[in-house]
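Got some structures for you, see below.
Common to both upcoming complexes is chain A, partnered first by chain B, then by chain C.
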Partner chain A sequence: MNPSETFELSPEVVALGTRRSYIELGARDRARQLLDPGTFRELLGPFDRLESPWLPMQGIVPQSDDGCVVAKGAIGGKPAVAIALEGKFQGGSIGEVCGMKIATALHLARTDNEKGITTGAVLSVESGGVRLQEANMGELVLAEIYAEIVALRLHAPVIAVVAGMTGAFGGMSLATALCSHVVMTRQARLSMNGPEVIELEAGVEELDARDKPFIWSLCGGAQRFATGFADRLVEDDAAQVSAAVVDLLRQGVPEVFRTSMIDLFLSRLAALDTGRQWTPGDIRETWAKGGAR
Partner chain B sequence: MTSRGRRWFEALAGSTGANPGYPGSLLAADRELGGERVAYIGLAPDPGSRFPRASHGEVGLEEGWFGAKFVRSLIAADRNGTPRPIITVVDSKSQAYGRREELAGIHLAAAAVIAAFAEARMAGHPVIALIVGRAVSGSFLTLCGQANRILAFNDPEVLVHAMYKDAAARITRRSVAELDQLGERIVPMAYDIGSFAKLGGLHRLLDVALPDAPGPATLDQVQSALVEAIAAARSGPRDLSGRLESPGARELRRASLEVRRKMTEQWSEPGA
Partner chain C sequence: METLNFDYPVSGKVPHRAQVGVVGSGDLEILLEPSPDPQAHVRIRTSVEGFGTTWKAVLDQFFARYPAAAAIEINDFGATPGTVALRLGQAAEVSKS
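Here is the complex of A and B:
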């Protein structure tokens, strides 16, 4: 018996069957997904064998792309570069090679823009932050990534996609915040300090890292979108992710970057009572009121 | 006891750096140096902070947003004149770790001050970081990362790193002794400022007598180094390429240079 003849399936369930997950894609397939069909051209691919020089010195097996795929191509018919981090390799952590790949790709995109070739960038982030095995090298390349985002975003949109399941933490949460636009799924988290580190530094009464639903309510995609830290909230659907990116690239350079909304955020901070802990609802309410008046 | 960061800020800026409406942790003032006005910015512990997790000299929500406000006020003020040097006097434990911080978006507050420093540098302000104490993790990224030139005291209490040793040991499941051993072989993992200097990110290391107590002679020495760094910043590029082209980077960032060379080559290959 064919079940579909017997049961009426809800549209959500039907969609699950036809939808292609973005989260389940590896970095290379994500970059391919973000670019227009047939335009994907990988730079520094696995055959170039640019691996971390620091991991083998510590008995850790390196990866031939160092957990970062950079591909040139087109998005919505216009030149673009897609950069995707691989959360499954060293937690998407930023070491010398993968960090330098990001910074250089953004730099070359800016150079093209300065020559009159409008080139946007999309950065698919899955990262726990600095790779502790390359510690200070990670700090240096992160600074270079930030410098390139700030320079490029004046010319063309730099879109961050945070899909999960790793999320965007530490130094890469800052990179995400510097981008012109941010796309998230409900499964993704965007947060500077990981819950384990907060619990370690501030105690379990500050944050219980094992309380997963609470962690997601603090920094998951739904909360980040509701409180304006993300511009789009999409389902875990590769086509929806792509459509959001195409649309945001079309919108061009925003009039005001989120990092320039100083008075707005200062008035919001002034309106919050710091004498007690806050709930995700407190933030939504304070933001809705527009902060202190 | 006042922090090393506060003592050096006050000695250099000739002021407590207190500003009406600003949090007590954020020190900001203008002073003459080398025949021109320069702006100093620093962080110091503020036991009276509204944010308990940011009261020990951490970069928190207010430090990020007010820091961005101050730097952007300098860019606006100098738009039609000579962009004045901006000097950060760095002694900051880390970013603030707390629930309130994450809820209100400390990642964006930190990004806001980074963007302000980067845009100041791009507008021609010589941005100089003077590391007199700690510059760990988010403190390095926010207060030093975008500087044209970074100076640091050559002193055991000066620390640039991704994470403090005890926390790094726990997270990477290693002992502190193992981390020390690794640091001897793997330069980016080492905790001493001399090793950090080898990576090419520093303009100069300063051997300062009595780094805890700025006196007339050491103040003069540090001011001369700042004047030199400002001149170097003005004559150099407005991006961060100088770090990668330094002798240290040519030795220890060969992989970075190889990435840059090969990707640049492949970027404009035919068929693109």
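Here is the complex of A and C:
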């Protein structure tokens, strides 16, 4: 080989070298990334020590922010609140404290909107759902989160970002679905029941939770986007995630919420012939035609 | 879960408070801020019990290099001594800015 030979790198490869991963950011850095530079102001931060009182009682080490970062600031120059869950702490599970932080932040955003200060919200979700160690309080606070999303989304966009690698499952998959807009990466997953739960309940013949390509083909970001459950599919690039959020906030309150399209989704389900085995590809082909939006 | 406490007779200044890390598998969270008295205090809550002497060795080494009157809280989820030392160094670094 000629040692002086030079290689042309494809633009995709060059982009890989300059891209800043969003997935690799912790919750605090994600909230900081979503807000305009210099506007990040954390509410109930780690030094306020609002941690779970229930985890130590059960011999589990808590985290100083209970795995949830709430920050006020601006996005695209307009007031906004950014809420980010930490998927590495207890699987991003929703306990009493972190759940109440989310519900209260959304409530305060709504109060501001009612005073005439338009304030959007971004929810960076990484969650397996309710925290089993605080299950009842987790369920109760999830109901509050749902109510606050539904109330706030009438005033200003509430945007869910599901980047991975935990994804949005259980109670937080429903919260994600209630949001005005959903942004996903290919690495992210969005599903009510996690693959392990389905395998446990229905058997490995029904679903093999170890078959990762299969799992992602069912509930991964690409499939969710193609079938109308997500509005934007972005690369794992902090700048792309931010740009999508800014753009969706600018679009304002959607005319029709996905969760109001009951007839569309019921007709989709009714039209499914359960006598045959559907593949993710079949679903994509059939449901993409109707389009959720 | 085990709670451990250590004190060090050091009096250097801590410029700012700092939070680093996450209570995730093999990692830990550290909160570092100025101590209310001219001593360093360390409180550790760890998911792995019975490693008091290892914690003391890592902290002895840290305070030999960083003799500051810091109040440190550690929430540990099974980090190795190497990871603990790196996170302590990171917290000290972040507290400078």
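To be clear about the criterion, the second predicted complex is superposed on the first by the 283 of 293 C-alpha atoms of A that agree within 3 Å, B and C clash if a C-alpha of one lies under 4 Å from a C-alpha of the other, contacts with A are read in each partner's own complex, and residues count from 1 in each chain.
Just so we're on the same page, a residue touches a chain if its C-beta (ideal position, glycine included) is under 8 Å from a C-beta of that chain, and two chains touch if they have at least 3 such contacts.
Keep in mind that what you see is a predicted model, and the values were worked out from it rather than measured.
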Partner chain(s) touched by A:24 [first = chain B, second = chain C, both, neither]: neither
Partner chain in contact with A:171 - chain B first, chain C second, else both or neither: first
Contacts of A:285 with chain B and chain C, given as first, second, both or neither: neither
Of chain C and chain B, partner touching more chain A residues: B
Which superposed partner A:207 touches (first chain B, second chain C, both, neither): first
Footprint of chain A on chain C - complex, ascending: 1, 17, 19, 22-25, 27, 29, 31, 33, 45-47, 73, 75-77
Touch list for chain A against partner chain B, complex: 41, 43-44, 48, 50, 52-54, 57-58, 70, 72, 96-97, 100-101, 104-105, 108, 129-130, 132-144, 146-147, 150-151, 170-171, 173-178, 190-193, 196-198, 200-202, 206-207, 218-219, 227, 229, 257-260, 262, 265-266, 268-269, 272, 274, 277-278, 280, 282-283
Complex contact set, residues of chain B against chain A: 50-53, 61-62, 65-66, 68-69, 72, 95, 97-112, 114-116, 118-119, 121-122, 137-138, 140-141, 144-146, 160-163, 167-168, 170-172, 182, 185-190, 195-196, 199, 201, 239-240, 243-244, 253-256, 258-260, 262-264, 266-267, 271-272
Residues of chain A that touch chain C when the two form their complex: 26, 28, 45-47, 56, 59-64, 67, 86, 88-90
